[in-house]
Every structure is written in C-alpha cells, then in structure tokens.
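Please go over the structures that come below.
Each of the next two complexes has subunit A plus one more chain, namely subunit B in the first and subunit C in the second.
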Partner chain A sequence: MRYFLQKLSQFAIVFFIVTFVVMILMRLGLNAPGDPARTLLGGTADQGLIDATTQKYRLDSNYFTQYFFWLKGMVTGDMGFSVPNSLPVSELIRGRVMTTLLLGSYAIVLGLIIAVPFAVRQAYKRDSAFDKVGSGLSFAFVSAPAIVLAPILTLILIKENTITLWWPLNDYQVTIGGWFPRIGEKVYPWQDLGAHFKNFFVPTLVLTLPIAAIFSRLLRGDMVMTLQADFVTLASAKGVSPRRVLWVHALRNSLFSLLTSVGLQIGGIVGGAIVAETFFDLDGMGTMLVTAILSKDLFTVQSAAAILVACVVVVNLTVDLLYAVLDPRIRHIRALA
Partner chain B sequence: MTSHRSTRHRSGKLLAAAVVTIGLVAGACSKKDDETTSAPDTTEATGDTEAPDATEAPDATSAPDATDAAPETTEAPAPTKEPVYGGTLIVSGEAEVANPWTPAAMQCDSYCQQRARTFYDPLVAANADNEIVGVLLESFEPNDDFTVWTFKVREGIKFHDGTDLDAAAIVKNLQATGTGLLISGAIVDYGKNADGSLAIEATDPMTFTITTGEGGDLSKPRPWPALPATLVGQLGLIASPTWLDAVVADPTLATQPVGTGPFVFESYAPRDKLVVTRNPDYWMTDEAGNQLPYLDTVEFRVIEDSETAGEALESGQIDIFSTSSAVVISEFRDMPDEFPMSEQDTFTETNYILIDLAKPGPLQDQRVRCALWKAIDRQELIDLTADGILQIANGVFSPGQEGYLEDNGQPVEQDLEGAQALIDEYVAENGPVTVNYGTTVTAINAQVADLLSGYWAEIGVTTEIQQVPQDQFITNALFGDPGFFMYGWRNHAGTTIDGQYFWWHSSASAPDGSLALNFGRVEDPIVDENLEAQRGEADPAKRLEFAENVNRQMAEQCYQLANSWTIWGTPRQPKVQGLGTLVFPDGSLARDGAGFSGQFYTHALWIDDAA
Partner chain C sequence: MTTTISPATAAAPEPALPEAGTPTPSKRRRFKRPPIGYAFAVVFLVTLTLMAFLADYLPFIPYPDAKILGPDGRPGRYEWGPSWTAWFGTDGVSGDVFSKTIYGARTSLQVGVFATVFGIVVGGALGVIAGYFRGWVDRVVMIITDCLLALPALLLAIILVNRLDDYRNDTEWLGWLSRKWQIVLTLGILATAPLARIVRAQTLSLREREFVLAARSIGAKPGRVMFREILPNLIPVILTVAFTGLSILIAAEGALAFLGLGVEVGTPTWGKLIDENRNKIDEAWWATMFPCLMLFLTVLSFNLIGDRLSRRFDIRQAGV
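Here is the complex of A and B:
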C-alpha cells in the first residue's frame, strides 16, 4: 500500500511538472506579437471578448495563478474553449479520444499477441531458420516507421491491384487489395463491429508491426537468457514438459523487459498515431494535438497534453505494480521496505 | 491510381485567396468562363459586365426580368434525364475552416465557401454570362453617379429557424460582417457613420441602401459601379439574426449555422465531417417549378491531400471533389468514362510566392525579390510538380482577366546570370542572403519548396523551409505572423481589377502583427493610384488600362513571384448529375465557381443510381 501511495505521489509530481511546462511553453508562444488573449482568439475578436477571455482565464496573471485556475477548470470539466474550432475543448477531445485510445490499445494488444508466441518459439529454436527469419523480420519492422508502413500497407491492402501471373498460369489475372477503405470512418465497435474492423484494421497494423517487432526482440533476448538458467535446467531434468517450461517457468521470468517496454511504448503510440490518423483520415488525438500546437490553440494543447501525460503515467504505474505480481521477491522486498 | 507528385495547390494560398476577403473579390473575380466537359460553352467575358457604361440606364445593373433576358444568355444544358429526389452526396475538400460558421468570423477558403453555400444563400451571385444577379435580392440599382445603391429583398423567404428574411436581417448581417476585422478592409469605400457602423440603412421592410464614401468618409462619395460584386462572397452570406444573437450569448452555437440555404445544418465535427440535410421549405425552384434541392443529405469530409481524395473517389468512398492538383487532374483526364470531370482553366488563380514586404530583411529589397524571380526555372517546376500541364505565369493576372498582358515586362525564363548579378550587388552592400519560405504540410508543396530552395541556392541564397498547417496559413499571412516571410500561395482568380483592390491597395495594408487583407503589405503609390482610378471608372477600356498599369508595376517590383496559373478539376462519380445546371431566379445559369475556383452549387445536384 505504501509503495502504491509512493508511486501515486510520483505520478502527481510528474503530471504537475509536465502540464505546467506545457502551459508555459504555450503561453510564451502567445505573447508574440501582442496581447495573449488576442493571439489566442485569432485577432478577429472584438475588445470586449478579448477582455472577457483575459479575465476568465487570467491571462494577465502570473503563470502559477493561471495554472491553478486551469487545473481547477480541468477538475470541474471546463477545459476551456477552442477558438479555431469554435467548440469547447472537452467536446473537441471527446470526439477524438476514443479513436486514439482504440488505435493504441489495439496496437499494444495485437503487438503482444504477435510478439509473445513468436519470441518464445524463436528462443526455443534459437539459431534455427525460424529464428533467423524472425530476427530479420523484426529488424525490418523496427526500422520501418509508421510513415513508411502506411503507404506500403495501403498499396498492398487498400489499393486494388490486378496482377497477371506467369508460367504455368500464363495470363491468369489475380486481383489483390481493395479490401479496406482508403479513408477511415470513425465507426466504433458498439456501432458496427464489421465496419469498425474494416476502418481500423490497417491503421492499427501500421502501429502494431513496429511495436510487435520491438516486443519480439526484447522478449526473445530475455527468453534466451532465461532458458540457460539453472532453474530451467532443473525443471527439465525433473521431467516438466517443454511446453510448461517455456510458457510457465521461462516466460514469466522473462517478462520484465517486455512489461517495461509496454509502458514506454504508450508515449511512442501517440507519435505513430499521428501518422496513422493523418494518412487514413481518422481524426484522433494525435492530429488534433499537432493542429492545436501549430494554431496556438492553447487550451486544447494543455488539455490534450494533460490527458496524454495521465495515460502514460497511469500505464507505467500499472506496469510498476505488475512487477510485484510477476515476481514474489519484489512483493516481499516492498513489504519489508 | 499511381502516386504522382502534384502541384503546390493548397498552400493556404487558396485559402487566403477566397477567404477572408470574403469573396468580395470572389464576386468580382468570379466572372470566368467555365470550359467544362458537360456544360455548354459560355459567353466570353468582355469586360466588367456589372459596371455599365455611365450613359446607360441605371437599371441595366438590376437583375434582368425573366422575360427580358439579354440576347445570347447562356442557358442551362438540356437535361438528358429527369432529376430524382433523394440520396446522399459525399463531398471532400482540402482544408478545414477556422472560426466556423458565422459569416463575420469564419476564415473562409474555397471549401468553406462550398460548404457555407449549402446552409447560407448569398445576396447576389455571378451567372455564366459574368453578370451579377440577385439571389436573396430581387433587384439592385444605383443612383446616377453610382454613389448610392438601392437593394430590394426578395419576398417570402425564411431562415431555417423560422425568422423572416427582411431588410433588417440583411442590414444586421452586413453590419456584423462588414465591420468585423476580417472584412472591413475589403470594403474600405463603404461609407461609415459617425459611430463606426457602415452606411447601410433599411429604408423599408424589404429595401436597404448602401452609400459609398472614399475611405469610409461620407463627405467624399465614391462612384462605385462594381459595388454589387462585393456582395457575392462572404460579406453577402446571410445568417439568421436570431441565431447571430444566440451566438453572442453562447459562442459554441457558432458551429450550428442557421441560414436560408437549400440545406439545413445537422452536425459538424471539425476536420471530420459536416452533414447537412435537405431544407423542405427551400424557396428556390428549378426551371420546371420543382422545389430545390434534390438531394436528401450532403456530407462534407476534409481530405487534405488531393491524391488521397482521388483514391477515395476511385474506391467509391466519396462522390465528388474539386482539386487544383495538376497531377490528379491529369490522371482523371485519362478516366473520363469512369469519372467525368469538369474543368475550369480561365480567369483562374495564380500560383505564386507571397512576400511579406513589411518584414525587415532582404525581401524588402527589389533586387533580391527580382533575383529570386529570375532564378526560378518555371517550366521545370511545372514539369516536375504539375505533370507539365500548367501554364507559366508572368504575373498575377491570369489569361482573360482585366489587366492580363502577354508581356508585362517581366521575362519568365530562368536567368541565373541576371539573378546572380542582382544578388551580388545586394550582398556587396548587405552581406549574405537567407530567406524563409513557408508552405503547407503536403508532399507536393514540400517538393516545390525543395526545388525553389535549389534554384535559389544556385545564386547563393540560403533558404529555410517551414511547414505550416493550412488552416493556420491564412491567419499567419493575415496578421503578419513573425514566421511569415514568404509563403507558397495561390490567389487572384476573377475577371475584374476591382476585385483585386484590397489585395494590393495600401489602405488594406497594416504593419506585421495587425490584420491586413493586403497580405503582402504592398504599399506602392502607382498601384494605389491605378486601383483608385479604376474603382470609379465605368468605361471598360479605361479600366483595362489602369489594370494593365497595375500588372506592369507589380511585375517590375517583383512584389509577388508568380510561377503558374491554376487549373481546377471536379471529378465525380458517374451517378452524380446536375453539375452546372442551377438556374437562378432570374432565369440565368449559375456559374459554378461562384468566385471561388473549384466550387460548385449543390442545389441542382442529384444522384442517378443507374449511371
């Protein structure tokens, strides 16, 4: 419990620091060329609106005061107003957070589903043809950023291509691709599961493949080390089946790096999501954040940053707690501390 | 569709163009022939048709009575099928609007105009014969010296919320939009009252007047034959006064527009979708007397990349879109049966480099600007980024426009030697030259930026390239953002020089940090003199002379570095029918483009599922 509270307080500190820094950076941008409220409102607003905005958001106060009242607003649900979009920030985010959340979650989960069995087999069949091909593939996908994968997957899966075969099927034509829409629709699983799958699959794949490759490489390396450990040799000698040795004993002891990587990838997901969302026209938090930064949409940036920071910190906190679940020794040490 | 490099179409130029200026320019500039693949040939624009000779009867400027149609009036193409009611049309466009959707605040580009004209009607519009005709207005006429215009409102029209359209509603809109920061600079010669309001008065429930005044000064009436054209664009889009009041109380309502248009607003998510549904009480009918519109729903998507939009069209995800991407147009030219395409290639915009002349630095020196101009290999630029289909521009007056000159004194061929000489002269006095070039975030525009950077590097000029989102592009230029030095731009469509007034007149300029519709902050006495002279000139021949003077001066000073003239294509699914067939209440054919290239009216579109 004490450990949990310690971690929670660390999370709060990180959250406050990051959001405060984001606020200052955006405010600094607002101060040029003149009145921050006028810059925020886009300059077409009349003086009355500018004065009201300055007063409401205390744009003429010191940064700490501004931050305090912004935070207070966040807690009460008032995230501010997005002038370029003429919408409350909460409404803007509400329409986008689910897209990014789903894309990110799918990417992580799918990445694990692909990576874990792949890596386990690679480690078990170390230096085999399977291992070498797997290593090559994971290296390739690690090296291929989302901006490269997106058009490649578009060419393969989305664009319809007719290929004329060669001997012995001379002149036989095969049509591949055209299976998924080019432009994504924000259809959610509870609205239409089939349409949701069609619209989200390729963008998810863009994020998943590099993540799966990273997970696979990490886990393979750890598994190889673990499989050489004495306790594994003992388990095998005792007659434990290879399947059980791999999946129960070795895997459990190899998950720490993978778990850590899952936590770290959350931040990277946002970057990849920007590419996927832009390329497939799925308007999510990533594209919203980039547009907001470039259009000096102050409150949108702050609120989006706060949400993303909270997500990253919560996930990493969860990862921290999961260490104790995986390794009883950690539970014991923490209990003694 | 294979991937091609395409022209630098979008870079906010297009935005800036139509936008802000509200289409005033659009209105005046909107007179152009449509050489479409489906509409009949239109009459040639011979001049400023909205500015009759001073000796003609004033009511020649009124919308002609349906029974008094002028000879050789362009008629709607004969329909091959009867329109069918129903269906959903999915349209895509290149950029999201900033500050939607009140006419006073929205920073409106072509696609914004496209969408806004579904829920708003304009006061007037340009027809296929380049005449300004009434839409919400029944008639308009000037006094003897064109200093006071009287406008009659069409009876029996209601806004979507039930509010009546009357003179008071229009005056409220014009005062709000016309006195806003965005628009006021474009109508500088509208008279202003002592309290700062525009000299626009409702003289009876269905009549209002606009009085001119040089620089707003009512004591200096300004003859302005072309004034009605200022109401074609954003200034003339009329929203419900009831809704406008509600927006003041609750700004979030600004995203739920209420107008008189053929479609009623249903939903809007920025950068995602705008959905409008058929207005069951719309006042306009087709030639047969059937109520418009035919479609049940129009859905507008934002797809910033034209190639992606093309792919979406081919895959059936969208039904129609407009593009000025030369490569995309070129590709769809090869598929006329699968995807019919209308093209607009006259009176179009110029693709050019917009320079902020107020920004301290080398670009304030004519030698540097002209050196940059001379260093560009325009043909290569067009070949590499526009599939070679665009025409090299010698200035910002495109063919057919008032003021266009085949030779304006500015050679268009690359001249590295001449460019180097100018740069060397400048460098000897001031040191090395570094310039900053801004462009929107597309692959093609990035390619153009790279090419330009290469040409300029050949003469020793270092280029820093920055990429900016399109919806921020206009704002940056509008306010002379610290990061705005040179932008890849597109603007100046239209036919008349009057429509270009506020783009180049010093009265529309302002220091960086302040709003200026004269984005380039051009402050040239010769340009001013000629723009002022043409505004009050009813004789087309004299006006042409003034326009040509502006062309020559702009070219000589290299204020804006023109590269090519645009082509707009509107490819569509074969099932989309009725493009270019809208007939205005006066019986004249509407001109798609309405002042904004690539824009089309949705009133008369219908879906033929059998096609």
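Here is the complex of A and C:
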C-alpha cells in the first residue's frame, strides 16, 4: 500500500509538470497581453471579444494563475473552447476519442493475439526453421515504421493490381487487392459491423504489425531464458504435460518484459495513430491534435495532452500492480518496503 | 574490455572449437552462421552515406531540382517509371526520384546522427550523474525522464518543432536555429530520456564494483571517477543504444516530414516524398515506394547493427 501511494504521488508530480510545460510551450512567443486570446480567436476577432476571452480564462495573468484556472476548468468539465472548430473542447474530444480508442485497442489486442502464440512456439522450437523465419519477420516489422507500412499495405491491399502471369500460365490475369476503401470512414461497430471492420482493418494493421513484432521478440527472448530454468525441468520431470509446462509454468514467468512493453505501447499508441489516421484520413485524436497544434488551438492541445498523460499514468500504475499479481516475490518485497 | 569495433573483426566468424562435453547442435550452428544481415547493413549504410554526401560530384545522380524530360521531350507529371532515364522514375514535378531519395538520405542521416550525439551527451551525462550520486539528484533526473516519456514522442516532437519555429521568428538571437536544427534539437531531447535511463541503470551497478572503490579510496574526486573509471565501461552500452536509437530517430524524422514538419522547403526528404506522392500511388507507385524502401532499409540496417552489438556486449534493452 505504501509502495502504491509512493508511486501514485510520483506519477501525480509527472502529470502536473507535463501539463504545465505543455501549457508554457503552447504560449511561447505570445508575450504581449491579449496575444494568447488573439491567437485563439484568429486575426480578425474584434477587441471586445479578445478582452472578454482574456478575462474569462485569465490569459493576462502569470502562468501559474492561468494553469490553475485551466485545471479548475478541467476538473469541473469545462475544457475551454476550440475556435477553429467552433465547438467546446469537450465536445470536440468526445467526437474524436472513439476512433482512436477503437484503433488503439484493436492494435494492441491483435498484436498480442499474433505475438504470443508465435513467440511461444518459436521459443519451444528454438533454432528451427519456424523460429528463424519468425525472428526474421519480426525483425523486419520492428524496422517498418508506420509511414513505410501504410503505403506498402495500400499498394497490396487497397489498390487493385492486375498481375499478368507468365509461363506456364501464359497471359493469365489475376486481380488482387481492392478489398478495402482508400479513405477510412468513421463507421462505428454499432452502426455497421462489416463496414466498420473494412474501414478500420488497414489502419489497424499499420499500427499492429510493428507492435506484434516488438511483443514477439521480447516474449521469445524471455521464454528461451525461462525454458532453461530449473523449475521448468522439474515440472517436466514430475510429469506435468509439455503443453501445461509451456503455456502455464513457463509463460507466466516470461511475461514481465512483455507487460512493460504493453504498457509502453499503450502509452505511445497515439503517436502511431497520428500517422495512420493522417494517411487514411480517419479523424481521431491523432489528426485532431496535429491540426490543433498547427492552428495554435491552445485549449484543445492542453486538454487532449492532459488526457493522454493521465492515460499513460494510469497504465503505468496498472502495470506496476500487475507485476505484483504475477510474481508473489515482488508482492513480498513491496510489503516489506 | 575492447571498445573499438572494426567491421573486420566483428564480422569474422569465430572458430567452432570442440568444447568439452557435447555442444548442442544449436550452439554449433550459431558459431558457423555467417553474419549476412550485418554485412548487408554495413555495406548498405556505407554506400548510402557515401552517395548522399558525394551526390554533388557523382555523375549519375542528377540535381534534385533538375527536370527530367519525358519521352516527348517535355517535362510532365510522372512521365517515367523506373527506367534507364530515371532509375526510380519521376515524380509529380518531373523530378528524378532516385536523386531526391539520395539527397533525402543526406538530410535523414544528418538529422539522425546529430540528434543521437545530442542525446548521448545530455542523456549520458544525466544518467551517469544520477546513477553515481543517487539520492535527490537521481530523483530529479528520473522525474525529468518520466516527464519526457509521459507524452507520446511524436506528439511532443510536433509541439516542439512547431513552437520552436514561431519562437525563432520572434527572437533575434535564435536566427541560426533553422528548421533542420530545430528537428535535431527536438529529436535530441526525445533521445535523452531512454539513454539517461539505461546509462543510469548501468552506472548503479558499476559504482558498486571494486575498481570504483579502489579509485575512490586513493582519493579520486567524483568527476574523475565518473569520467575515467565509469564512463569507459559505459561505451558498449551507449554505442548499442545509439544505433537502435538512430533507427528510431530516422523513422521519427520521416514521420515529422510526412506530417508537414520537415526541413526547409526545397530540400527533399523521404517523409516529404511519401506525403507528396501517396495520392498518386495508383498511377505512379514508384514515387512513393522507393522512398519507403530506402527508409525501411536504413532503419533495418541500423537495427541490425544495434542488434549485433547488443548480442556482442550482452545487453538487454527491453525498455527502449
């Protein structure tokens, strides 16, 4: 418990510092009074409106007061107003968050579904042809950033390619691709499940393949180490079935790096989503943030960044707690501390 | 410990000595396997670097702003596919994609290397100091790195580059900070956090070793212990992380350019090429695919070298 509180306070400090620094960064160079409001409202806004906005959000006071008022607004649900979108920021985020949430969770879950069985089998059949091909593939995908994968997958899956075969099937033509729409439309699963998956499949793939590769590399490495441990030999020796040894005894003790990495990837998924959403014109949090930063939409950036940091903090805490669930030894050490 | 890594010694396959007992088949095979991937990575990177920095003097690389005339003698959009006239085809402004890709490599490599050097100097220093002094210094450094890692890296990079650009326009003494150096600075800051963490972790274990104790007991000051005793032992770790980090930073530079936050207008980069030509992927796949391929091969090569180094020095870098 004490350990948990200590971690919580540490993460709270991180949250406040990051949100504060983001606020200062967004206001860099806007030093004259009224400048932030003018940026916020656009060049043509009249003086009365500028003064009113400055008053409302205390934009003429020092950074700490501004931060305090913004934070107070956040807590009470008022995230400010986004002028380029002429919407309250909370409305704007509500409209966008689902896309990224779905995209991100598909990517992580699909990544785990692909990575875990592959990695376990690779570790079990170490140095076999399967292991080598798997390692090579995962190495290649680790090195394939989203801006590389997105065009390649577009070429293979979205564009219609007519391929003319040569000998022995002289001039026989096959058409592959053209299975998915070029531009992702925001169709939610409760509206039309089929169309939803069609629209989200390629962007998800762009995010998930590198993630799956990272996961499987980590898990394979750890599994190889675990399978050499004495307790695995003992379990086999006392007659536990190989399948159970592999999937229960060994897997459970190999999950630590994977867990850390899952946490990191959840925290960083918006980074990948920025590229994927831009490429496939899906309007989610990623595209919203980029537009907001470029158009100096102060409150949107601040509030969205605060939400992201809060998510990262919560994920980190959860990962920390899961460590203790997985390994009784950690629970014990922490209880003593 | 040897810290100089020449490709020749690193690439030489180690002799498979008959060990006592029976060596497992897997072990034997691993000693014999020639390092194809590593050799490819070194050759590719050396060639690419040479071509990129000597591009002005090489006769077979046109200037990036040269117009390649189409078959009818006039410049046009996407006139050539991959051919002898234009090796990687031509793009929407009838520029040569091969030349733009090579000049793009110059930008990417420069940005990546400078940002990594920045990350090594700042992150390494922070890490060594935090690991050596521990206590509140360590706390402060860890909070800084936590803060840097709390926001998605690409998002932080977009904010920093965008704001630095505005800030420079308002501030006289920052005139030298062109777009390229803004990106270098931004990516360098991002590279600082993971490097600081790894160096700190290594320093924490190194400072308990006997040679550090010996140095301290004959009266060496902290600065000397850190620089002369601990730092040389950190070089393998830093080198390994630097290569892996370089691949991540080059990918990040590509992503920034793709989002419109690349270097100055007129300088070709891979990300910009991909962004400009992606809507024409149906008619002219070459203009998008070749920059993609180059970016992929570069990232892959740095990863391959990083992987080889980490095996050689037995370094685990799960956290990166």
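Basically, the second predicted complex is superposed on the first by the 326 of 337 C-alpha atoms of A that agree within 3 Å, B and C clash if a C-alpha of one lies under 4 Å from a C-alpha of the other, contacts with A are read in each partner's own complex, and residues count from 1 in each chain.
Going forward, contacts are C-beta pairs under 8 Å (C-beta built on N, C-alpha and C of every residue); 3 or more make two chains touch, one makes a residue touch a chain.
Since this is a predicted model, take the numbers as computed values, not measurements.
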Original post:
subunit A superposed: clash or fit between subunit B and subunit C?
Top reply: clash
**OP:** Examine A:159 and indicate which partner it touches, taking first as subunit B and second as subunit C; both and neither are also allowed.
**Re:** both
**OP:** Tell me which partner A:135 touches in the superposition: subunit B (first), subunit C (second), both or neither.
**Re:** neither
Original post:
Of subunit B and subunit C, which one contacts the greater number of residues in subunit A?
Top reply: C
**OP:** Classify the contacts of A:294 with the two partner chains as first (subunit B alone), second (subunit C alone), both, or neither.
**Re:** both
Subject >> Touching partner for A:236 - first (subunit B), second (subunit C), both, neither >> reply: neither
**OP:** Using the superposition on chain A described above, determine whether A:88 touches subunit B (first), subunit C (second), both, or neither.
**Re:** first
**OP:** Figure out whether A:126 sits in contact with subunit B (first) or subunit C (second), or with both, or with neither.
**Re:** second
Original post:
Now for A:218: first (subunit B), second (subunit C), both, or neither, which partner does it touch?
Top reply: second
**OP:** Would you check which partner chain A:260 touches, where first means subunit B only, second means subunit C only, and both and neither mean what they say?
**Re:** second
Original post:
Who does A:186 touch here: subunit B (first), subunit C (second), both, or neither?
Top reply: first
Subject >> subunit B and subunit C footprints on subunit A, overlapping residues >> reply: 151, 159, 290, 294
Original post:
Can you list the subunit A residues touching subunit C in their complex?
Top reply: 10-11, 13-15, 17-18, 21-22, 25-26, 28-29, 126-127, 139-140, 142-148, 151-152, 154-155, 159, 218, 221, 257, 260-261, 264, 267-272, 274-275, 278-279, 289-290, 293-294, 301, 305, 308-309, 312-313
**OP:** Provide the residue numbers of subunit A that touch subunit B in the complex, in ascending order.
**Re:** 32-34, 42-44, 81, 83-88, 91-92, 95, 151, 158-160, 178, 181-183, 186, 281, 283, 287-288, 290-291, 294-295
Original post:
Within the complex, which stretch of subunit B touches subunit A?
Top reply: 3, 98-101, 105, 107, 180-182, 251-252, 254-255, 269-272, 301-303, 308, 311-312, 315, 317-318, 468-469, 471-472, 475, 478-482, 512-513, 515
**OP:** Using the touch rule from the top, collect the residues of subunit C that touch subunit A in their complex.
**Re:** 25-26, 29-30, 143, 146-147, 149-155, 158-160, 162-163, 166-167, 169-171, 247, 251, 254-255, 258-260, 271, 274, 278, 281-282, 285, 288-289, 292, 295-296, 299-300, 303-304, 307, 316, 318-319
